[in-house]
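Got a structure for you, written out below as structure tokens; questions coming shortly.
Every chain is named by a letter (A, B, C and D) in the order it is written, and numbering of its residues begins at 1.
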Amino acid sequence: MSDSVKRPPTGVSIGRQDLLARFVAARQLTEKLCEPLEIEDYVVQSMLDVSPPKWHLGHTTWFFERLLLQDFEQGFKLYHPRYYFLFNSYYQSLGERVERGSRGVLSRPTVAEVMAYRREITERTAELIENSGETEWPALADLLFLGINHEQQHQELLLTDIKHILAINPLRPVYCRTAETESVGNPVSGEFLHFAGGEFEIGAGANGFAYDNEFPRHKVLLRDFQLCRRPVTNGEYLEFIEAGGYADPGLWLSEGWDLVQSGEREAPLYWEQTESDWEEMTLTGWRPLDPNQPVCHIDYYEAAAFARWAGKRLPTEAEWEVAAAAQDLAAAAGTLLDQRRYHPQASRERAGKGGLVALLGDVWEWTGSAYLAYPGYHQSLGPLGEYNGKFMSSQMVLRGGSCATPGDHIRISYRNFFHCNRRWQFTGLRLAADA
Amino acid sequence: MSDSVKRPPTGVSIGRQDLLARFVAARQLTEKLCEPLEIEDYVVQSMLDVSPPKWHLGHTTWFFERLLLQDFEQGFKLYHPRYYFLFNSYYQSLGERVERGSRGVLSRPTVAEVMAYRREITERTAELIENSGETEWPALADLLFLGINHEQQHQELLLTDIKHILAINPLRPVYCRTAETESVGNPVSGEFLHFAGGEFEIGAGANGFAYDNEFPRHKVLLRDFQLCRRPVTNGEYLEFIEAGGYADPGLWLSEGWDLVQSGEREAPLYWEQTESDWEEMTLTGWRPLDPNQPVCHIDYYEAAAFARWAGKRLPTEAEWEVAAAAQDLAAAAGTLLDQRRYHPQASRERAGKGGLVALLGDVWEWTGSAYLAYPGYHQSLGPLGEYNGKFMSSQMVLRGGSCATPGDHIRISYRNFFHCNRRWQFTGLRLAADA
Amino acid sequence: MSDSVKRPPTGVSIGRQDLLARFVAARQLTEKLCEPLEIEDYVVQSMLDVSPPKWHLGHTTWFFERLLLQDFEQGFKLYHPRYYFLFNSYYQSLGERVERGSRGVLSRPTVAEVMAYRREITERTAELIENSGETEWPALADLLFLGINHEQQHQELLLTDIKHILAINPLRPVYCRTAETESVGNPVSGEFLHFAGGEFEIGAGANGFAYDNEFPRHKVLLRDFQLCRRPVTNGEYLEFIEAGGYADPGLWLSEGWDLVQSGEREAPLYWEQTESDWEEMTLTGWRPLDPNQPVCHIDYYEAAAFARWAGKRLPTEAEWEVAAAAQDLAAAAGTLLDQRRYHPQASRERAGKGGLVALLGDVWEWTGSAYLAYPGYHQSLGPLGEYNGKFMSSQMVLRGGSCATPGDHIRISYRNFFHCNRRWQFTGLRLAADA
Amino acid sequence: MSDSVKRPPTGVSIGRQDLLARFVAARQLTEKLCEPLEIEDYVVQSMLDVSPPKWHLGHTTWFFERLLLQDFEQGFKLYHPRYYFLFNSYYQSLGERVERGSRGVLSRPTVAEVMAYRREITERTAELIENSGETEWPALADLLFLGINHEQQHQELLLTDIKHILAINPLRPVYCRTAETESVGNPVSGEFLHFAGGEFEIGAGANGFAYDNEFPRHKVLLRDFQLCRRPVTNGEYLEFIEAGGYADPGLWLSEGWDLVQSGEREAPLYWEQTESDWEEMTLTGWRPLDPNQPVCHIDYYEAAAFARWAGKRLPTEAEWEVAAAAQDLAAAAGTLLDQRRYHPQASRERAGKGGLVALLGDVWEWTGSAYLAYPGYHQSLGPLGEYNGKFMSSQMVLRGGSCATPGDHIRISYRNFFHCNRRWQFTGLRLAADA
């Protein structure tokens, strides 16, 4: 990042005490999310993509120790030399690390030891926030914003990893039970809204924190398009299954069909067909499939096959963002982590509100756009540059956040990305069509 | 493809005799390219991506039998029921097929039997071309164009597969020896040309054959950009190696660095460091590295790492096509299969010609664009729809053709695509930069 | 086992109260061995051969529930239907089971739940022992003996699995610290004793418990042979390493050399070369290599290569047992689990004792005999028959027990068996030679 | 081999011209066996265990060049430096070699080049035989015997590898068609003969060539036993299948059951169930299963499961050899390579011949003995020592030769060996039982 135009805006405009409060709240939330766990749940790695909860707790801590304390704390001393190695994720520039697939064979440090590590680093970071000099504050605040957002990303991963750890267990443990809310109003219809084409701007603007991959804000050219008011529902997806969607190669991308052929795809992850019906494993227990809830835990291939079957397509990320920018975001909001529902919820019609719904929250929406650099993007050097830029190959963009995303983490320019075959996140889709 | 606007233009404008001549020439060229082979060379599959030459000969024949004869020939009878299974590649809609990795364990049919199969299908197709009725001719001509282009694609694959088969052999066999041409003039400099941004159109137009993935022709918005006059050379790439390019994780995409770490990437494929220098295996034998020739056999990760090291970037496919459309293509042409050099050649300055060179030919140029549908793209149903659309995930676009591409096969709207880690094709890069 | 001649002798001769005491002691010892563990240590599976300690605790409990309670307890009810599936090991006749490699991804049941399961089954089994009728007592006692011995086998596996789990952890945790004992006397020399050949009997006799694979007692024919008084020491093995033993293919069995070539064998497991010397990881911490202690954690290939290098060979199991039968076993005993040393110890000369030492205890000794049926062996039907007989392929016999074997579990007719490439048990060797 | 007692007897007693004739005949037979092949068949490796026929031709030639010419020919010059690398099999002491699994990716040298290599080495070896001095003759004759026997072993492998290469081909090519012989007489009954136990000698004696693994001749102790007059037949094996033999885990060794569970074992290799019946692929074409022919292409697990199902067991190799030594071998001979039937044949009763039949020939018979050193065995140093000794782990002994074994290659002391899961050789079984 060689000039100020290209760099993400800093957090300087936020006051020191406010930032401290946000920092502490983020740290606490991570620990809160772990409360329902048994010690044993913190240890296992149920598949390659999953990290043991213990590792998330340590890694997010390491991030503050490594990126803030090490550079800004006077008289800095490593908390533990081996933790440096154990809790590095993928930062090549920050030294060696444990093989990703081996995180689940490490019984030590214990959960208690990791919690002690968390407490100390949280305290030292809080002190640093309060006492750092004015000259170093802007740089520190920038990194702090990054660290908080990093912690928030891991809150979502933590929940989806916990879900997988519990899901593969034959004892069918439940993460937590939530009160059922009354559903008021009719489910939002699957109507398509029309959006006129033209020249638009997308990408992060000058206000608030954003990742480097959302920069620079730039012009795009769109043709007229349509977007469905809500994400595809379980009920619609079930129709696709029952119509033989998983048996028709003509609907599938080649790599997706290979997965189908090898028996790895026959319904969304966590769905199970009982004798009479379909059930779905959720963080709040196994439940009959709710046809009005957004379908989730599908991969890109499933999203694309469904869209093709429906005679529609996935939106591009530009279409998605341009359409979102035209909404009343308060009305368009869905279920976020803040509500603690831990599962996407059915949207209900509200009087006088006919726009897009569930844009932010409920399910991440696969787009038809590859995760690549925006025109004019410049990757930072060092660890910051490793945050996003080096993953710009073979992945697709998802938009909008999910029921596991903290509300102050998501924004309409936010670009999430996963490989096409991943589906343990809360991933769904919203249909688009040419006008 | 439900309407004429969306479908590729047909070959109807070409006369029947001309098309017949093109068909026969294409079929002959494939066989001509195999002439230097020993029978044993036709059989082996030296890695998963490679197909035995015998298989290419059979598969291109099966394509005409299956897509033309079966639907248009009166009294059609299968040449051999098992060949249907053996020579299908990936056409799910056309029935079962041999596992891709098992093509090299099939000793039968023999080369002679495959050649007999070729001859008969060529003859029957030629008869069909000459004698088909006028009403069916347009549809037939369309498929014929597709078949000829399919055959041409396999000519390129045939050569690159033969190269790999010979390269892994400890006896270092040579495909063929070519006469050295005198190099006249200075190598083209690495100067960057400036291109003004704006709104442009890319994609195939109404004239001539094009694949469905080149449609529809559509508008794009470009910022000012620069493009190097020629592809990156061996000499430049060697500088990158000697500067430690393969040892600096900061230059690499994450998936590329994994390959480097596992020892699978340390120089372009087919390069070998001798005690004193570097040598390169070519279809015409092992030779000292020519610093002026375009670097080839690098994957997307290597291309992107080089560009980052050079402080530049890869062009998007839209930039590439817009720049190409502004050139005198005769002057911008490089070495194609027609010259039978079987290796990219150094470009030389010619008086009064200062534009881009080696645009069509020499090396396929990795772009920074993912291989995805153009806005408004509609995938055909059935086997034709399987030709391109179903590969639209996890791959990157390459432009411009190579020394192994037939001259009448390539065009500036042509979109080739490969996964980021593939490099047994003649793949190189041309640098771009923001203005 | 259809007749009394072929069946193992029962435990009827032992009184009910004595057997109850043995049962309770065995159950308690297993739990005692787990006391130094953290909860987290109970969960992980550090390699395919290792089971999580939690699993051992559950599986040994399942064994009593399934084989005793289910058949003998009035009003028997399953403790938990899922535990049946979770804690079955390899008993095909007893239903489905968790994939062996997936034991480490199961966080539930928790350690506390498994301990509750243990307690209840222990209590119910104890009640059954005390209150069962006289007619069913002999059969029950038989199974009880099997269950106790099964529990003891898992005590050894538990320790070696814990060792591996701790060994792969970068924090280098220690299982427990033991007091150093004073070493009195000189180490036992590497002298060879001569044994005359002839016709002998080996195998389990009529007294005491033995596994079915030790039956029937039968005649063997031996030539004169020699046996070393003690196992091979660390010091001797180090000589082999320093003499290039791991670099000379002529010393190795072909499959062993493949392991060497692939970098998987360069010293015994748990040895590490520091800058100045060799260290060894033990359950009581990392320590400098003691040259007088028996070498352990070597596989069959290493044992055979060492013997070939030394100009000797491995003993057959018949030689081993015949030689052992001629010893004063009290004098020949080595370190067993009862001493709680958790590591093989150097043997010391004692006045007037010139025979073989460390026969029972210290290290399991690889023999040159394959693990196959004795002449006249009959495999039982059902789960009992699965205990030993079905593993009679591709494994070698080890004799003599180790520092992790309970003293009342081992006997000179005991046949342990492992695949040639396994070495996470306390496995060493004793040299033999032709006379 | 340090003394004359332990070394295999030499071929000195055979005259030079006789040995030359045997050498030439062996070389010619190998080539004769290849005559039905197409060039393409020489190249492929249809699975890891299979070598391309071209490789067998080169490797057996390399064996003479390396072990005879290099040490005995005056003015010896390597035929081709790369062939040294290409045609080494597993001789670590003789230098590097091609990865076993990569033999099928080498198109060069061509078959014609390999044949030229064969011709020259055959000629030079023949000259050496005729002209070598008397002092070197004994050593040379020893190696010549080894080379001829090595060539003969590869004749059997050549046929079984060709069988596999043709079997996996969907075109179902036939190796050669043989005239059907009339079957005279009733099939030999499945009667068991009784053999009295006692002390016997087994192993190679002082006359004729034998491998080092057949030495030393030594005493064994046997109990009374029974042996079936003939190998198990297809009809009997079919009964086992139809009785659910492949569905009952109680019959199987654990490793065998794993193969069954993974779907890799459901009938002998090359059997195929048609709608109405069973067919078998043979070198002379696909044929209805002949119930009287010996079952073949079963692995050790299948042999052991069948025996357990039948209430019998496999013989030990000592039992087999002792029983064989008591037969009139002319009457006990079965079908060998010499008859060119290329498939095991049903044995027929002949008047007055009530002994064991098909002992030498038809199918290799799995024994219940592991392939280990005889007491007193000494492995040679260097390449000769690599011939047999280094494979003495994890394999089982097979006895008696097959329809693909040359008649002058087999003897009753001959010990063949394979891993338990191999079955592409002509492997069957003969039942034994305790008396």
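Descriptive notes on the structure:
Simple rule for what comes next: contacts are C-beta pairs under 8 Å (C-beta built on N, C-alpha and C of every residue); 3 or more make two chains touch, one makes a residue touch a chain.
Predicted, not measured: the structure shown is a model, and the values here were computed from it.
Greatest centre-to-centre distance from chain D is found for A, with centres as Cα means. Centre-to-centre, using mean CA coordinates, chain B is 49 Å away from chain D. One finds 61 Å separating the Cα centroids of chain B and chain C. Chain centres here are Cα means. That of chain A falls 38 Å from that of chain B. Counting partner chains per residue, chain B has no residue touching two or more of them. Interfaces, counted as pairs of touching chains, are A-B, A-C, B-D, C-D. Of all residues in chain A, only 38-47, 54, 82, 85-86, 98, 104-111, 165-166, 168-171, 173 touch chain C in the complex they form.
By the touch rule above, chain B contacts chain A in their complex via residues 90, 92-93, 199, 218-221, 223, 249-250, 252-257, 300-301, 304, 308, 313, 316, 368-370, 372-373, 375-376, 379, 381-382, 385-386, 390-394, 396, 419-420, 434.
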